[in-house]
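Multiple structures follow.
Same chain, two partners: chain A is paired with chain B first, then with chain C.
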Partner chain A sequence: MIAEYGHLALIIALCLSIVQAIVPMVGSFAGYRTWMRLGHSLAIGQLVFVAISFACLTAAFLQDDFSLQYVANNSNTLLPTQFKVSAVWGAHEGSLLLWALILAVWSAAVALFSSHLPLVLSSRVLSILGAISVGFGLFILLTSNPFARILPFSPTEGGDLNPLLQDFGLIVHPPMLYMGYVGFSVAFAFAVAALIGGQFDSAWARWARPWINSAWVFLTIGITLGSWWAYYELGWGGWWFWDPVENASLMPWLVGTALVHSISVTEKRGAFRSWTLLLAILAFSLSLLGTFLVRSGVLTSVHAFANDPERGVFILAFLGLVVGSSLLLFALRGPVVQRQKGDTEVVSYSGLSREMMLLLNNVLLVSAMAMILIGTLYPLIADVLDLGKISVGPPYFNFFFVPMTLGLMVAMGFAVFSRWKKTDANMLLQKGMVPFLISLSAALILPLFLAESISWATYSITAVITLGASFWVVTMSLEDLWQKLDRGSSKQSSRLKNLTKLPSSYWGMQVAHIGIAVCALGVGLSSVYDVQKDVRMVPGDRVEVAGYEFTFDSLDFVQGPNFGASRAQISAYKNDRLVAVLHPEKRKYEARNQVMTEAALDAGLTRDLYVSLGEPLKGDAWAIRLHVKPFVRCIWLGGLMIGLGGLLSVMDKRYRRRRKPSTQTAPQPAATEAAAQ
Partner chain B sequence: MNRLTLFVPFALCLALGAFLFFSLGKNPLDLPSALVGEPFPEFALEELHEPERQVSTDDFDGQVLLVNVWATWCFACRIEHPWLNSLAEQGVAIVGLNYKDHRKLAQDWLGERGDPYQFSIFDPRGVLGIDLGVYGAPETYLVDAEGIIRHRRVGVVDERVWNEEFRDLYQQLVDDANAKTE
Partner chain C sequence: MHPLRKQRLQLVILIVVAAALVIGLVVYMLRENGNFFYTPAQIISGEAPQNTFLRAGGMVVDGSVLRSDDSLWVQFKITDGVESLTIEHTGILPDLFAEGEAAIASGKVDENLVLQATQILAKHDEKYTPPEVADAMNAAYKAKQEEKEEKEEKEEKEEKEEKEEQSGSYK
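Entry: the complex of A and B
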């Protein structure tokens, strides 16, 4: 019965979202305040029913209700409880339900925290979010119902969750990523509401900005977790594969990053208006495109779940409707948005200014996104045009992405010092002098010591460039911080006082920028100095890799809850001192008779030791893969720092300041309503 | 800003939508593979019909053979299948790679349509598919007696494709192999 309640709750949620999409929007044009307010309660009601539906599916998993097709395919009586819960979003149907739940969470959050917004704006935002949930609700109920039963002959045992997904990573990665993807729907709804109302100014930017930043934080952390999970779980030791599904998450992130920067110009200077709107629409469109690519099966990928053209057609139609109509709206209403009634002066800035620096940032980020989009879709486009068929792989992506990232990092160093309106070029060069010298010397000297031995043979240009760019960003950021502290007097006490006075959005920028440098450092150094050996070992053997001695001590058989495993013990020594004991496993999951490689790691800030078991060879011998990966951890540390930076900036005081609605919004609703009529 | 430039995103979006719509219909891609000229990747997977039997490249037995990637969810495989049956009757050695599929469905499918394969590698998660760089099903690899991949075809192999791309190369490889053993 529980499944039927879940199904029913989902249908009720869909009905609520239909009302939510229509009534507040109509009310906003007709001027019925009660109709407009309805959106807020409907959003919360929708959350309640989607949550009930989600809880019912979770209960079905916990009770091993294999009469549900979805549970039977993705669970098993032996599956540990925490994985039964995470199996809810382990495959297509459930992950869509998670998507719907997260959309409902965001909508309810908008409903609860929008009391300081003009009612016309918040009701329209909620109505647009409602329309999006109608689309997803229909998609789930019509093509991918997780509550479908197998009756009357239901299986007594389930097929088990894909072993790759039986991991802590699956518990946290998809929800985080979806929080980011779906979070951009709020940015999208704000943008479309602004286009409909024709009101788009600094106040709008100040309201929308915390929402955009929080979605971006979730996406950043989601991608970081995904990369970390791929690294330790897939057993290949790689952390990014330029797989279509990874690209699908990176594209909205790049556009989101551009948006996070351009909206600051819109807030502070009232410029970049149509550009900001376009980015907000694009970020969500790319999230939807990602869903289309993953779910429709037009591209094969490591992550491909289902090849179901019917679903593909549905998502494509939905995508076309959402993106097409919003871009058409953008084209038609753009001029209204560019000219605002309250504009007293024409916003101007010179060739060298903070505005230009941020424009450069946006151009680079959007170009990077475009080249990833082209690379991801190229096989499809070439096929349709009959141009011949070419696959583009990591070489293509690295060829474009790496120089663009370096360009961004160079600009980032200067941008921190740039001023609004006009910046003196000499001042920038002067500020850049000391950091440039520090970075240059660090970049030239450090590679000598990073390699295994000090020699010119192992001297790497890639390492020089990586170190140079990273040091540049960090030293420029620190110099700026130092000057901010020095302002006024140079007394120790006033420095400390200045330290506490700096706004949290400033700290956010600094932490995120340094995070980029740390991440780039990890990417560059780990790719240069990574040492990998595939060896044949029998217990007792000793192999040397990059200064570490690995000994194969023993091999045991261990029994897990739903798998049996061969587990090796491998000790790593450096200079005859034991540094780590590693236990890589080769697991055989019983339900699907599936073999999984469980790598063992010894993590450290400066290096990871990574050991995985390959195939058993003749006798006691095993094929074993030994990796020493210097600085690889910095990649995810940097990712987390970027996310933390975003979080700090969301927490800035100026977004929490809640003035009374009447004083803050008095002029705007009038303007909005005038524009609407 | 020029009034018309605002329509550029909309136009791009329409164009992209059209491409995506057309690509929904067609999947197989004839991709040049980096693996041509390289040894067939090592693997150890279950046999489709006998789950307890592990198969690997050793089971290729030094024959010149075709490795055919297929699945029950792949519509084009149904079109391709009769030609594979007739190739097998002509004595061409074919090994099946059942890709991202369910065992029971795959067994039934072969029972219904005939089994042209000497044996079938069962690869439900596409592990070998990743090593091979499989782009979609069907795909066919021509492997020589040394286990080196000599040709790759993404998409259906029918009589025409066989005659144009495979027949001569296959014959030549078989002759080479025979010359060596003599």
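Entry: the complex of A and C
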């Protein structure tokens, strides 16, 4: 019966979302305050019912109710409990239910934390979120019902969860990523509401900004976790494959990053208005496109599990409807928004100013997104046009993405110092002098010591460029911080006082920018100095990889809860000193009869040792993959720092301020602004 | 011109030039780095270019996997139901690689029409067959059926002709 309750709750949630989509919107035009207020309670009601539905599906998993098709396909009596819970979102139907749940969470959050917003705006935002819920509710109920039964002949044992997904990564990665994807629906709803109302100013930007920033934080952390998970779980030590589904998450992130920057211009200077709205629409559209790519099965991908074309058509239609109608609205109302009645002066800025720097940032980020979009969709288009079956490889993506990232990093260093309206070029060059010299010397000297031996043969230009760009960003950021502390007097006590005075959005920017540098450092150095050896080993063999000696000590058989595994013991020595004992496994999951590699790694900030079992060869021999990966941890450390930076800026005091009695929209004196003076 | 307009015009020109450059580069890079997919039959018939990076896919032929005793060299055949293509690779095969299952190899075809693979991909879910392989198998199956039908028709015709001839000779 539990499944039926779950199904019923989902239908009720859909009904509530239909009312939520219509009533507040009509009320906002007719001026019925009670109708407008209804949106808030409906959003919370919807959350309750989607949560009930989600809890019912979870209960079905915990009770091993294999009469449910979805449970039978993705669970097993032997599956450990924590994976039974995460298996709820381990495949298509359940992951969509998670989508719906998270959308309901965001809507309810908007309903609860929007008391300082004008009622007309918040009711419209909730109404648009309701419309999106209707789309997803229909999608789940019509094409992907997780509560469908197999009756009367239900299986006694389930098919088990895909072994790749039986991991901590599945527990945390999809919910985080979805929080980000779906979070952009709030940005989208704010943008559409602004277009409908024609009111779009600094106040709007200040209201929307925490929502946009928090969605962006979740997406950042979600992508970072996904990359980390792929690294240790897929068993071949890669952390990014330019796989269509990874691209699908990176594209909204790039646009989201552009949006996070462009909305700051809208908030502080009232410029970039239409552009900010367009980015908000684009970010959510790309999230939907990502869902379409993942769920329709049109692309060959690590993530493309068995799919159904009917679902693809539904999402494509939904995507078309959302993108088409919002862009139409943008075309009709954009000019109205661009020129506000209250504007007394045209917002102007010169060729070198903070606005220009942020424009450059936006152009680079959006171009990078466009390159990835083309590379991701090209195989699809070629297939439709009968140009042959093509796959676009990593060289294409790297060719565009790497220079653009470097360009961003160079600009980032200067941008921290630039001022609104007009910046003195000489001042920038003067500030850049010391950091430039430090970065240059670090970039030229450090590669000598990072390589195994000091020689020109191992001297890497890539390492020089990576180090240069990363040091540049870090030193420029630190110089800016130092100057802010120095302001006033140079006494030690006042520096400390200044330190506590800096607003958290300033810290957010600094941490995120340094995070980019750390991440780039990890990407660059791990790709240059990574050493991988695939070798054939019998117990007792000794192999040297990049200064580490690996010995294959022994091989055992171990029994897990739902798998049996061959487990090797491999010891790593450096200069005859034992560094790590690693236990890679080759598991065979019984229910699916599927073999899986469980890599073993010894993690460190400056290097990872990564060992995985390939396959058994004749006799005792095994194919074994040995990796030494310098600085690979920095990639995810950097990713987390970027996320933390976003979080700090969400926590900035000025977003917690309640609506002031007057309707004045003068920007708050922001840290960065004040600091530049 | 109004300074603001002038500034905007400069910006627009800059954007147009940059966009044109970028589009040119994109088209070039897509051509350079797009790897085409070929079926074993296409490669054996010489339709696929040699010494160009490409992908080929099909079912791994039962009993075709040969391993070296002292290295990670491996050889196997994949088939689309019409022809089978020999693939050579040095390295570790993916977990779900198995005889009778779908696999995709990427690499270059040498002059002996052997694919020297740098990467082997297998399916990652036992229910999943890469769409390229499924399409290739279907196409090959259809072609085979058509060929069979044609052959049968031909044979029938020949038989008829033979009979006619025979009957003719009797006359």
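Here is the rule we go by: the second predicted complex is superposed on the first by the 649 of 677 C-alpha atoms of A that agree within 3 Å, B and C clash if a C-alpha of one lies under 4 Å from a C-alpha of the other, contacts with A are read in each partner's own complex, and residues count from 1 in each chain.
Simple rule for what comes next: a contact is a pair of C-beta atoms (placed from the backbone, for glycine too) under 8 Å apart; a residue touches a chain by one contact, two chains touch by 3 or more.
Note that the structure is a prediction, hence the values are computed from the model and not measured.
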First, second, both or neither for A:Ser274, with chain B first and chain C second: first
Which of chain B and chain C A:Leu164 touches, first, second, both or neither: both
Partner chain in contact with A:Ser441 - chain B first, chain C second, else both or neither: neither
A:Thr606 touches, of chain B and chain C: first, second, both or neither? neither
Chain B versus chain C as contact partner of A:Ser115, first or second or both or neither: neither
First (chain B), second (chain C), both or neither touched by A:Leu377: first
First (chain B), second (chain C), both or neither touched by A:Pro395: second
Touching partner for A:Leu316 - first (chain B), second (chain C), both, neither: first
Chain B versus chain C as contact partner of A:Arg625, first or second or both or neither: second
Common interface positions of chain A, toward chain B and toward chain C: 162, 164, 297, 300, 302, 304, 379, 389-391, 592-594, 615
Parts of chain A lying in touch with chain C, wherever the complex brings them together: 162, 164, 235-236, 297, 300, 302, 304-306, 346, 348, 351, 363, 367, 371, 374-375, 378-379, 382, 388-393, 395-396, 399-400, 534-536, 592-597, 614-615, 617-618, 623, 625
Complex interface listing, chain A residues touching chain B: 162, 164, 274, 278, 281-282, 285, 292, 296-298, 300, 302, 304, 307, 309, 312-313, 316, 319-320, 323-324, 327-328, 330-331, 334-335, 338, 377, 379-381, 383-384, 389-391, 592-594, 615
Contacting residues of chain C [partner chain A, same complex]: 4, 7, 15, 22, 25-26, 29-30, 32-37, 53, 55, 67, 69-72, 90-93, 95-96, 124-128, 130-132, 135
Chain A-facing residues of chain B, complex: 1, 3, 6-7, 9-10, 13-14, 16-17, 19-24, 26-27, 29-32, 42, 44, 46, 51, 73-74, 100, 124-126, 130, 133-136, 154
